[in-house]
Every structure is written in structure tokens, then in C-alpha cells.
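Shared between the two complexes below is chain A, which pairs with chain B and chain C, respectively.
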Partner chain A sequence: MPQVEYQSISPADFFYRNREIAGFSNPSRATYTAVRELIENSMDACEVQQVPAEIFLRISEVPDNRNTETKIYVMRVEDNGTGLPAEHIPQAFGQVFYGSKYELKQARGTFGLGGTMAVLYGQITTHKPVQITSSTGGDIHEFVMNIDIQNNRANILKHTVKQNPSGWRGTAIELQMDGDYSRIMYRLIEYLKQTAMVNPYADITYIGPKGRLYKFERGTEKLPPLPVGVKPHPHGVDVEAFRRLISVTKSKNMKTFMMDNFQGVGNKTAERFLELAQISLKARPKMLSPEDILRIVRSTKEYGNFKRPDASCLSPIGEELMETGIKKELGLTDEDYIKVVTRKPSTYLGYPFIVEAAVATGKNVRKMHGSGITTYRFANRIPLLFDESSGVVWKAANKNINWKTYNVESDTSVVVAVHVCSTKIPYKSVGKEFMADQPEVEKEITNAIREAARGVRGFMSRRFRLAREKRRLNIFNKFLPKIAEFSGRLAEKDTPNIEPLLRVVSTDIHEVEKKLEEVPEIVEES
Partner chain B sequence: MPQVEYQSISPADFFYRNREIAGFSNPSRATYTAVRELIENSMDACEVQQVPAEIFLRISEVPDNRNTETKIYVMRVEDNGTGLPAEHIPQAFGQVFYGSKYELKQARGTFGLGGTMAVLYGQITTHKPVQITSSTGGDIHEFVMNIDIQNNRANILKHTVKQNPSGWRGTAIELQMDGDYSRIMYRLIEYLKQTAMVNPYADITYIGPKGRLYKFERGTEKLPPLPVGVKPHPHGVDVEAFRRLISVTKSKNMKTFMMDNFQGVGNKTAERFLELAQISLKARPKMLSPEDILRIVRSTKEYGNFKRPDASCLSPIGEELMETGIKKELGLTDEDYIKVVTRKPSTYLGYPFIVEAAVATGKNVRKMHGSGITTYRFANRIPLLFDESSGVVWKAANKNINWKTYNVESDTSVVVAVHVCSTKIPYKSVGKEFMADQPEVEKEITNAIREAARGVRGFMSRRFRLAREKRRLNIFNKFLPKIAEFSGRLAEKDTPNIEPLLRVVSTDIHEVEKKLEEVPEIVEES
Partner chain C sequence: MEKSLTQLGNLIYEQINNQEFPWIHMQSRSTDNILYDTNLRQYVLGPRMIRRHSRNIRHIRPFTQLIWTAWFAKELVTQKKTSTLRETYYSARGQRDIEYTDQQESDNIITDLEVALNRAREDFNIFPAERSAIFGDLTIEYTVPGYEGRRTNLTDHPDGIMIGPAITSSEFIETSADKVLVIEKGAMFNRLVEEKAHEKFNALLIQTAGQSPRSTRAIINRLYTDYNLPIYIFTDADPWGLHIAMVIISGSANAAHLRGLATPDAKWIGVLGSDILNYKLPTEPLTEYDHKRLFELKADPRYKDQFWQDELDILLKIEQKAELEAFSKYGLTYIVDEYLPAKLES
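The block that comes next holds the complex of A and B.
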């Protein structure tokens, strides 16, 4: 009979063995994932610091005359963010599930996994240590280290402290990895472009393996407001969360406990809620029985009068910044249609979220994307580039919207960009590839696209009529001189000067445009 | 300036916070995932024991007059598997990343996560402990426990040891969870049915919340051969794996090290490979420099003459068992077409895998599934029921195969069932929803379906001709008696006895069928 042996493995060892679920499934995909994880860490660090991000990325090839499909690359990412305190640097990049303390607010990275996975993948494919340089404004600390994967901890090889006369603040990380750049180049540059699109205050410089420079310059210095941590909403709480709150509370009775620990719970709400849960207002939190706790948690789902979740923990891009970013990166002009809509906060499973959608069309859109609906998907300002047709945005834009209502024909190019921000993005994998179709999120996305598309019908009509008008005037331009010449000859006179006539007809263009502007907006289908 | 705080969280805490990535995204999905994780543990335990599985599942509702969408259910799963030694029970169900020792062989569960997640989800939604009873043939141990999520360890509330006069062997687990059965009932029963389909030696009994009994009886006592653990194949090794082998090796030199630690490396291969890697045959493994190790690992990708990976670590279902299972669960008869193909072992990224495919069509298939291609997907004998169109099987069956070549019209019902077994299934998430389209796997799946579909064209032609023939005979049956009667009257004689005539024509049916059997097989398109 075979003997079964048992073992416990560390989180680092788990993700080393199952790296594909964190997005490191093959050399090209790993190259992409490593870059995005490092850049997202940098973007978060800049936002905490409330400075317009300056990100520098360089990927260079290590010369090598071997006959393998993959190459070894040196990857370097620098930022001007808040910097890491020296004592946290080794764990932040050398320990899985170690990260900035979880708060109930929007952030790009929430898994405490991405940066460490990039280091881990580099290590297992090249056997080279990582070099991390960081300062929070004081001394500059430089660590050379690798990961003890079996024990999930950083193994420091060298730690150097340098003076920082210029007061530099930020983080630079440099690692080597075995990758496949050629197969992922297009996506990687697209990722940077889309990152620039929804982070228009960021300046991103990228130098690729062939020495080519890509620059994504910021379009504004304006930053969206920093999200603030909030107390949990009672609707989303479970037994474990409730138990943890009780274990650390200083509240003397359940009424103050409810008011102190949950958002939007005042005097009245606390009283009514506890009555429903059959808990005395004066009950001492630490004396609750397991049954009491269960009854309270189940009652939160039943009690219908809590306030909507507080959305100050969210940081939408905003209509102005999102428009700036999209116009800049898609090269749109004032001749194109673009409308951005930021919806009101909503919730799913107790998590607050906000949907923003942009719809753009026009001749510059046509030039860049061929025809059909092109979707751009963003979650907490991260572009999502893979598994498009599995995601909820694709479903909303292609299945839920009837584009014919908007005068959009199958050969019209339309761009739909959707940004979802939430304390909890409904990702389906640690690799952050696409969002699941939670019904509330899907509905909000669909409504946001509808709202942003409302002006498209009018825009299309105006474009058709303008085109017709221009064709008409072109005919004048073409034939009037000939008619004039012919008439002159016929009358045996000089050709008459048609300039004034043409000018009269031509100035009409503006008149026409002005009139077309006054065409009433089309009312949205309900 | 906001202060960033840092923290480390335990694996249990990570999956508590991100339970959707393990398949526990909402109450109905969690109900489904909990059942499948427990059943898969049980199936694995029975296979290790090499007994035909007997699985008992019961879900009952806890009476409750609350006004919530979800209900509290008691879930109980019992098996006759190998049983857990008492000292491992608490960790096996109370510690994330604790499981049977990882070996290079096929198994359903490899994440060390599923069973514990079911317990964890039950705990955070109901605050109730789990009860686990198990025996490996000696005393029966019963544990009542919960999980200390923050510290990722089991918290034993009660441990009882009982005598076991009947020599019972197996495991029973009973837990409570807040779930939503009504929305997932269909999928859950479908899951059990498909499990029965690819595990035809298993007997599964299920009693649902309304007391209804579902029984999936075994169709055979025959078990597929147990997969055996193998040494790693050199092609799939990375620096970390190599380093670990070196740290525990007793080999004195690199030549014996290569032969001792890798599959398919003999004298000659070891010599040639080490020459390519520029490592002396006599080099001592523990003296290798990091550069040496990197060179060896990179050379494994370059060296083209390793043997194919050993597939004895895999356990395909086999053509006979797979046919038994599908016929049984789809209710097919000998009148239907079914062909099962087990392909030769192949590899992707160094992992061995085998693809098995079944194609079925016929009037009983039509009745059960409407029209179109119905796919069933299995990975290491686990049915995959979600995200069908994202998976590689859907792509292979719908995009890669031109069904018209097989005389399959759009209104013909065809079932395609694909089983992939591997030491590493290319899942895209911990929730085991669908397989990624690794090119080698996709190619094998497509070829397997083609091979199994080869007889479909002939079957369809036979069906058409048989139908025509039957129609013809029906006409005889209908009109011959009338003609006989009419002729009799016309000749003023008794109606002649047409029975012998009809019998002659009718026995033709068998003749026709026999002849149609002799129609040559259609050659597959290349």
C-alpha cells in the first residue's frame, strides 16, 4: 500500500510551484507581468507621496551567444515615489504576502505578491540577486539580495548606506530574468500607452532592448484626490472580520462598538440594528457568544437601512483627466467625439465601486483602430490587456449595447474605455487579467457606456450632413470657374470674377457647422 | 504626508481576503466549490488506497426563519479512501498550503488549499467548527476544530478516539456554511454526473436539501493503474529546483548526480550533456558556482537529445473506461456512435501530459442535448464546468475542427469529451475553472478530437441510408396488403397471403444494416 507523506510549504514555495496563476506562465508572459508589477508598485508609491509620477523603465539584453529561444534581460525600474524605509525593503521584495498594510481603500496592488514574484522569477531563471535602492528622503539604502524560497524570506547579500545630499526620494529596482521580449513587445508598449492614458499626470520613459526610446509625457500636473481609508461597511462584514474587531475593541458596549467600528452607523442606526439582531445595547462586545456574533452578522444582510458605502476610499480618474489621457494617447482632436462619464458610487457584496466610461469616435479614431468597437479596460488605473472576451467590459460593450441605436454602423470605429475603481476589484485570478461579471458591476458599466454614448447619434448625423454639405460646396468650387469662363466667352466678355461668389458660398461651411451644432441631442433609449 | 504601514499576512489570511480567486466568490459559487473540493479529496484518497470509491454526500438545510437570500447548510462528505493519520488531520483541513507531499505525478488536488478553504468559508459565514472523522484502519479519530486564520493553523476544540471493531477505513467531514443552493443546484448535479462519467469505478450517492436521492452507480470495478512518482525531466528544471537537488544529493560527482536525479539520463546522455554545459564529469555537485548552475540549467533547454518524459506518472482513464462512463451517464446505446481515443504522451514546458477525447453522436445524443457541439472538459479526472468559452477545449472543438468534413450539419448533436491528464494542468486560476491554451496542449486536443471523429462521416452516411431504406420498407408494409387485397378482388379470388413476401422484404433490414457496416471508413482530412 503506498504511504502518503505530508508537508507544509511556504507561500513563496507555493507561488514558485504555481507561478502561472500569478501571471508568470511562460517567458514572454513573465516578461510582461514582471514589468507591470514593478510599474504598478511605482505608481502606487508616487500617489501615496502625492507627486506626479516619473517612471523610468529600461530593459536591456545580456549579450549571450547561446542557441535558445529566450534571452536574459536586465530590467530596471525607477520612480520618484515615497520610498521604502530601510527596515521594510528586504521583506517588501523578498517575502510573499508582505506588503503595505491593508486598508479599506483603492490601490493598484493588494496581493502583496507582484514585486516579490518578479524577483523570484528572475532568481529561478538566472540565479542572479536583485538590487534595490531606495530612500524616503534621508540616507539612501541599497540592498543586494535574493529570496530563500523554501522559507519565504529575504536573504540579504549586501547592504550599503549612502548619503543623500540632493534629498532624492524614490525607489529603483534592478533584476535579471530569462524572458522572451520579442513576442511580448507589442503588448508591453500597449500597456505603457494605456497606463499613460489613465494616469495622465505620469511621465513614463522606456528604453527597450534595441536602445529605442519611448516617451509617454504627462498631459497634466493635476492629481486625482488621494483615497482615504474608511471603516468597513456593516453589510460586507463576515464572522471573522467581526471577531477580529471585537478582539481589539476598547468599546464598552455594543452600541458604541457599532458606532465606533462601522461607517455610517450613528445613534439611531445602532439602536435599530441591534434591536433587529436581538442584542442588548449594553451588551459587552467581548462577552458575545459565537451565536450572538453569527446573529449580528446575518442581521447585517437583513437590515435594509444602512447608508450607502462611503466612497471617499475610492479615487476615480475624473471626467477631465480621463478625457485628457485618452485624447493624448489616441491622438484625438476637437473634430472627434469624446464623452467621459463618471457614475455615482455603487456597491457589490458590500464593496463600494465607481465606474467611469469614455466613448470616442471620429475620423482620428477611425485611422488608428480600423473598424468595430475597440475596448480599453482599466481597474484601479491598471490597464487589463489579456482575455478580453472573458471580461465584463467586453460583454457590456458588445452584447448589452445596441450600437445601431446610436447610428453606429458595423464599419464605424468606436472606442469604449471603462475604468472600474473599487476597494475590491472582482478579478478572477491573481494575475489581474480580467474582471468577473458581478451583476451590479456589469449593470453600472452598461449604464456608463450608454450615458457616454448618448451624443454619438447626434455626432454621426452631423458628420453625415457635414460631409454632404462639403460635397455640395466642392461641386461649386469645381464647376463655378468653368461656368464663369464659359459664360464670359459666350458673352464675348472677360471671365467674370467669381471670387466673391465662391467666398459667400464657402463661408457657409461655418454656418452649416453652426447650424448642425444646434441639432437637438438624441434622447437615449431606456 | 501619509505614513505607509507594512504587514505580513498568513496564507490563510490571504485566501480569506481573496477567497474569490479560490472559487469562493459568492454564496452559490462557494457552495459548489466546497462540494467539489471535498469530493476531489475523497476521490484522491480512494485512488491512493486502490479501492473503487464510495462517496456519500449530503447537503441539508438548517431550519431558519430569517429573511435572507442565503441559507445555512450542513454539508457532509464520506469516503472509503485511505484515511488520514491522526497527527495530520488538523493541518490537512486547518492549514493552507499543507497537503500530501508533492510528488511528480498526476493528482486531482495539488494546491493544498481546497479542503481547508471549504472549512474556512464555513467558519467565516457560520462561526461553526468542522467535524472530521477518519481512520486508516486502526482507531477512529474524531476532531472538532476551527482555523486560526491569522496564524494559519488548526485550533482543536475536541479530539475523541474510538475503537474500530469493523476495521472501517476512510474519512468523513461535516461542516456548516452559508450558501445558496437553489442557484447552483443544476451545476452541482451536473458536476456529480460528469464526475461519474470519468470515474466509472466510483459509486456516488447524494442526498439534497429537499431529501431527494441521486445515485450515480459504478459501471465497473476496474481501476486505472495508479500513477507513480517519477524523477524530474531535465528539460523542465529551473535554477531553484536544481539548487534544491544539489543541497540534498549524496552523489559524489556530476555524472552520477545527473544520472541519479533526472529521468532518462544514462551514462552516454550524462556525458554528452555535461560536455555541452562545459562541466567536468568529476565536478563535485556541492562545489558548483552559481554561474555553473545557471549554465547547466540553460543547457537543458538547448540539449536536444533527452528522452521523452516518462508518462508512468500519468494515469489516463483509458479508452474502455471512458467509453463505459460516457455511455452510462449519457444513456447511449449501441445504435449511437462513440469513439474514444487515448493519445500518446506529449510534453509542454517540460511537463508530460496525455490527451483523451471521445466523440459521440446518434439519436440518443440528440435527445439529451439539443443540437450543436456539446463539450465536456476534464482535467486529471475533474470535470470543469465554468468559463467554457475561455478554455482550450472549446477552442479546439469549435474553432479548430471543420465539422462539415464529418457530415455533421449545424443541427446535428455531437458530444465532444476531452480529458487532459498531466503532472501540471495549465489552469489559469486556483479555482480550477478552465485550462489555458498552451500550444502543445491545444494541438494534442485538436488531433485527439479529429481521431475520435474519424468514423463520424461513415456513421452519418449509414444513418442517412438506413433511414432511406426503412422508409422504403415502410411503404411496402403500408401498401402491399392493400395491393394484395385489391388484386384478389380484381381476380375474384381470396386475398393472397403476403406474409412470406413481407418477411422476405423485411429481413432485408438486417441485410441492409450488414451491408452498411461494410461501407469503408472515411479517411481523415490531414
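The block that comes next holds the complex of A and C.
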């Protein structure tokens, strides 16, 4: 009989072997994902610091004689965020599942996986170390290091400490990787544009491999309020999470354990819930059997009287900021229609979430997008660019909404942007590219779009009438001179002056415009 | 003519100078304003007036076209040139912002100008395409440029002479004829010329080539009013032939704004429904369309006389129709030798 060998592998090793599930499936996609992960870390760092982000990205090609489709690129990302304390830097970029984000609140990444994966991917494709420079305001620490894949830890090659006379704060990371830029260029720039759209307080500068400069300037210095970390809601906990909580708790009995570790659980709720779960109030958490734990977790789904999950852990962009971002990146003016709606918090499976939706239409929307419905999708302020038609936003915007109700015809140009923020985005895959159609989430998205689209009908008919008035004015401009010319010739005189008549009709159009402004918006629900 | 066109120009000119959107008053040509006048025995326009106003977005284009057409007409009149409906349409095509989408639209504006000026378009030298012809002993004197004072006798050309602007504007000098024979078709007209019907019956021959053009109807009217020549109309025995005769007699709704086109005393002498039976003419059955048309005619005020009602009824009863050529059954000259003399006698 052959011997079966069992061995445990480190998380770093696991992701090395399964890198496609983290979005590093091929050279072009890996280029995109690496940029995305690094930029998102930077954005988070700036928000924690509550400063308007200034992000610098440079991708440069390393010349070599290889005659392959892929090239070696140097990627550099700099931010003005909170900076990393020196002692955390090696783990933050050298260890999978190390991160500051284990607390339950909205953040772009969740487990600190992304940044490290970029480093890991760079290392395995180029064999070059990563260089990280960071300061929290004091000395500047610079690390050159690589990842010990088998042991899931950082391997520091060089650590230098520099003085920081200017008081710089932030992080800069530079790594090399084998990638394919040309195939992903369009998406990458689109990603940056959409990032600028939902982070209107960020200044993003990008220098591409060909030396081209892309600048996405901020439209405001305002930041949305920071989310507050909260305890988990009992609904959203699974067996594994529950086991972990038990392993670290200091609570002596189950009643205090429930009250200490979950949000919205007080004296009464703890007692009633434990009764339902058939667990003694005095039971010691660490003594629970696996059957007990399973019963408790199942009971959380049956118990109907928990408070709604606390939404203070969420940070929606807000109607004003989202409007600013979309207007600036789509080049909208006051002549276009845009409406942003931030819905009230809602929950699915014990996770709080908030949906924000924007609907825009008008001349400038058409210039950029042509006719039809264009969707932009964001999850926790991250643009989602792939698999559009599989996602819930596409479904809501194209299937659930009857656009005819809003006077939108098939040749009208409409932009629908949806932002979902949650402590747990219902992604369909680890690659985090599109959101699943969770019924509660889908319903909220649909309602948000409907609400934002309400004014479209009025806008359309107003625009239609204005266009008609302008056409009317054109008719006078066209025919009156002819009437004057030929009546003059007929009377054997000069051509009479029609300026006074044209003035009469053109004042008419201003009155029409004014009148149209006064027309109340028509509210229509499908 | 020139004066009324200039007047129209002055009217518009003054309105614009007074900072007023120009407009004109004219009789409405809509169907509910076309009435049958039993005294005149023709269609006339009723009392309803419309205002064509350049302030109105729907009026300004036809208004502009009307002014342009007036100018075009004045050019024709002052330069003593003539034109056709079709030419007028194409001249407008050369004018940006005036152009018509089809000739129908252009023809319609010309009719508007007739109504506005209360003059026929022939007066401002716009003629329909020539297709109708006249033959017989009538001496005319041309007035068209280059031919002024020249005379011709209408027997000079055996194919007949086209009724165009030159004939229409000519002076009638003298004729020995004592009647006018109007025929619907060119082929029969040629037969009559060949058989010297004009001599035999002492008649002027006119062929209308289907529904007679207005200039032809004007000439028929002139021959009747100025020379007291009785008019005899000879058409197919079917609703279309009847109506060709009727339009000569009582005018058309389209020309309700004009006088001097209808000749109420003209006589339709055949082919009558009774002739079909009496002469045992070869026939064809009525089509569904013929049927429908016969009933329309029965309801038309111009057909309210018993004579016409009876004629329509005969066709409906026998369910047959016959053409002029049907007489050829008895030989090519039968119609001149037998049928017409009998008809003219009665």
C-alpha cells in the first residue's frame, strides 16, 4: 500500500499554490490586481488618518532582452496616510492574514491579504525583494525584504532608519513583478477613474510605463465620517467565528459572554436567547461542547428579537460627496441630471449594509457613454470592473427597473452608479469582482435606483420641451429673413428689418426656460 | 396682375416695418367651406376666412413659400415668361429654406396664391403641362412675346394644336364653326379629324386628354360666352367619362375660388347609358371601384338633376360600361357617319 503523506502548509504557501482565487490568475490580471490592492491599502491608510488622500502610482518597464509578451515592471505606490509603525511593517507586507482589519467595521480589504499577495506575486515572478518606506511622523523606516513562503513570515534583508525633518507621514512601496500592461491598460485607467469617482477627496496621480501622466484631481477636501468598530451581531456569526471568540474570551459564564462579545445583547436578551438555545446562563464558555456551539449558532438564526445590526460601523460616501465625484469624473454640468440617494441602513444575514445609488443623464452623459444604460459598481468604495452582467447591480438596473416609466427610451443615455457598503460585501468569489443577488441587497439596490431616477421623467420632458422651443426659434430665424427678402423684392423696395421681430421670439424662449424651471418634478413609481 | 402682386408685397413690407409679424387674410379652402351654388351652377368658396400668420409656427413655412411664389409669379409676369406647375416646383427647389417636399405641396401654395389674389394662376403665367388640343376653323392672333400679331388658323396642323399658354393668351379673331365638340380621348379626336368631322358638323374639336385642364375649360367657356357656340361633350359611358363632362359643365371643388371655368350650358351627348342598349355596344362589367364611384356621384350636388340621376341609375342597373371606341364594332367611320349626326340632331 502506498504511503499517504500528510503535511500542513502555511497560508502563504496556500495562496502561492492557489493564486488565481486572489485575482492573480494571469499576467495582465495580476498587474491589475496588484495595483488595486496597493491603492486600496493606501486609501484606507489615508482615511484612518482623516486626510484627503494623495496617491501616487508609477509603473515603469524594466528593459530586458526577453522576447515575450510579458515584461518586468516596477510598481511604486505612495500615499500620505497614517504610516505603519516600524515594528509592524515586516508582518504587514510579509505575512498572509496579517492586518489591522480584524475588527468589525467597513474597510476595503478584509484580512490584509491583498498587499501581501502583490508582494508574494512579485517575488515568485521576479525573485526581487520588495522595498517599503514608511513613517508615522517620526523617523522614516525603510525595509528591503522578501517573504519566507513556507513559514509565512517576512525575511528582512535590510532595514535603514532615516531622519524625517519635513515630518512626512505615509507609506511608499516599490516592488517588481512580471506582468502584462498592454492588455490591462484600459481597465487600469478605468479603475483609477472610478476610484476617483467614489473617493472625490483623493488626488490620484499615475505615470504609466510609456511615461504618460494621468491626473485625477480631487473635487472636495471633505471626507465621509470614519466608521466605528463594533462587536459582531449574533446573526452574522458562524461556528468558526464563535469558536474563536470563546478561545480568547475572559468571560466566566455564558450570560456575560453573550453580553460582552455581541452587539445589542443586554441582560434580558442574553437570558431569553440562552433559554432558547438551551444553554445554562452559568455555563462556562470554554467548557461548551461542539454540539452546544452548533446549537447556539443555529439558535441565533431562530431567535427573532435581536436588535437590528448597528450601522455605525458603516461609512457611506454620502449624497453630496458621491455627486461631486461622479460629476467631476463624468464631466457633468448643471445641464445634466444627477441624483444620488443614500438609503437607510438595512441588513442581510446579520450584516448591516447601506446602498447608495446615483442616476445621471443628459447631454454630457451621452458624450461619454452613447446610448443605453451604463452601470458603475462599487463595494466599500472599490470599483468593480469585471463580470458586469453577472452582478446584482446589472440585474437591478436592467431587469428590475422599467425605464419607460421614467421616459427613458432605448436610445437615451443613462448612467447608474451603485455603492454598497457593508461589513461583509456579498461577493460571489474571492476575486471580489461582482456582488451576488442577495434578496435583501437586491431589493435595496433596486429601490435606491428607483428613488434616484424619480426626477428623470421630469428632466426628460423638460429637456424635450426646451429642445422643441429651440427648434421653434430656429424656424423663425430661418423663415423671417426670407419673408423680408421676397416681400421687399415684390414691393420693389429694400429688405425690411426683421430684427425687432426676432427679438420678440427670442425673449419668448427665455420665458419658456423660466417657466420650465418652475415645472414641478413629476413623481412616478413603477 | 403685376399691380396686385406688388400690392401683396407692399402689405407684407409694411407689416414688417410696423414691427408686426406679417399675415394675410384669405378665403378658407377647407372642404367645409366649399359650397355648391345652385344659381351659378358650380362650386364656390363659402364665407369663412382664414388668417395665414407668420407668428404661427405651423404657418410660417407655407407663408414664406407663398411670398416666394408671389415673387416668382411677378418675375414671370414682368418678363413675359410662362412656366408650368412643375417648373415652379423645381425653381423653388433651387431656393434654400423654401423648397417643397413634393410637387403637391407646391401646387397647393400656387392655389393659395390664386385665392389670396382672387386670380387664376394662368393670369400670372403658371400653366399646367400641355396635353389637351384644339382643331377647327378658328383664327387666332398670338400675344406671346415674339409672336405678337401673328395669326394662325387652327386647321393648319392636322394633329390639332396644343392648348398651352400661347393659345390661352391669344385673341380669337374669327370662326365659321357653329358648335364645339369636346372629346375625352386623343385617339377619337384624331379619328374625327381624319374623317373631317369639323367640316361635316361645322364644329371646333377639342380633346381633353382625360380630365380637362383648367386652360381647356377656360377656352371652352370663352367659346361659349364670346361666340355663343353650343358645347357638346362626348365621353365614355362610365363614371369617369361622366365626371369629365360634369367638371366642364359645373366646375371642380379644387377651383371653387375661380370663375369662368364652368360652362353650365354645355351638353353631354354621349355615350349615354341608354346608347349602350340601343346600339348594342360591346361592354365591360363595372368594377368594384366603378361601383363605388357611381354612388359617390349620385350623392354629389352637381348630379342632382333627374337627367344625371337617371344616367347613373342605368349604369348601375345594367352593371356594364362602354368606351367611345366601342362604335368601331360597326366600322371605323360609323361614329362620324351615323352616331354623331343622330346625336347632334336630337
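Rule of thumb we're sticking to: the second predicted complex is superposed on the first by the 441 of 526 C-alpha atoms of A that agree within 3 Å, B and C clash if a C-alpha of one lies under 4 Å from a C-alpha of the other, contacts with A are read in each partner's own complex, and residues count from 1 in each chain.
As a convention for this text, a contact is a pair of C-beta atoms (placed from the backbone, for glycine too) under 8 Å apart; a residue touches a chain by one contact, two chains touch by 3 or more.
From a predicted model like this one, the values you see are computed outputs, not experimental measurements.
A.B. asks: In the overlaid three-chain picture, which partner chain does A:Asp387 touch, first (chain B) or second (chain C), both, or neither?
C.D. replies: After superposing on A, A:Asp387 lies in contact with chain B but is clear of chain C.
A.B. asks: Specify the partner with more touching residues on chain A, choosing between chain B and chain C.
C.D. replies: B
A.B. asks: So, does A:Val62 touch the first partner chain B, the second partner chain C, both, or neither?
C.D. replies: neither
A.B. asks: Can A:Tyr16 be said to touch chain B (first), chain C (second), both, or neither?
C.D. replies: first
A.B. asks: One more residue to check, A:Ala436. First (chain B), second (chain C), both or neither?
C.D. replies: In the superposed model, A:Ala436 contacts chain B only, not chain C.
A.B. asks: Once chain A of both complexes is superposed, is A:Asn26 in touch with chain B (first), chain C (second), both, or neither?
C.D. replies: First partner only, chain B.
A.B. asks: Could you look at A:Leu157 and tell me whether it touches chain B, chain C, both or neither (first, second, both, neither)?
C.D. replies: Neither partner.
A.B. asks: Would you sort A:His127 into first (chain B), second (chain C), both or neither based on which partner it touches?
C.D. replies: first
A.B. asks: Please identify the positions on chain A that touch both chain B and chain C, taking each partner from its own complex.
C.D. replies: None.
A.B. asks: Considering only the defined contacts, which chain C positions touch chain A in the complex?
C.D. replies: 5-6, 8-10, 12-13, 16-17, 19, 21-22, 54, 57, 60-61, 63-64, 67-68, 70-71, 74, 95, 97-98
A.B. asks: With touch defined as at the start, can you tell me which chain B residues reach chain A in the complex?
C.D. replies: Answer in residue numbers: 1-2, 4-11, 13-14, 16-18, 20-21, 25-26, 48-50, 66-70, 82, 88, 91-92, 95, 97-102, 111-112, 123-128, 149-150, 178, 226, 238-241, 243-244, 290-291, 293-294, 297-298, 301-302, 349, 387, 389-390, 426-431, 433, 436.
A.B. asks: Please name which positions on chain A make contact with chain C in the complex.
C.D. replies: Residues 472, 475-476, 478-480, 482-484, 486-493, 496-498, 500-501, 504 of chain A touch chain C in their complex.
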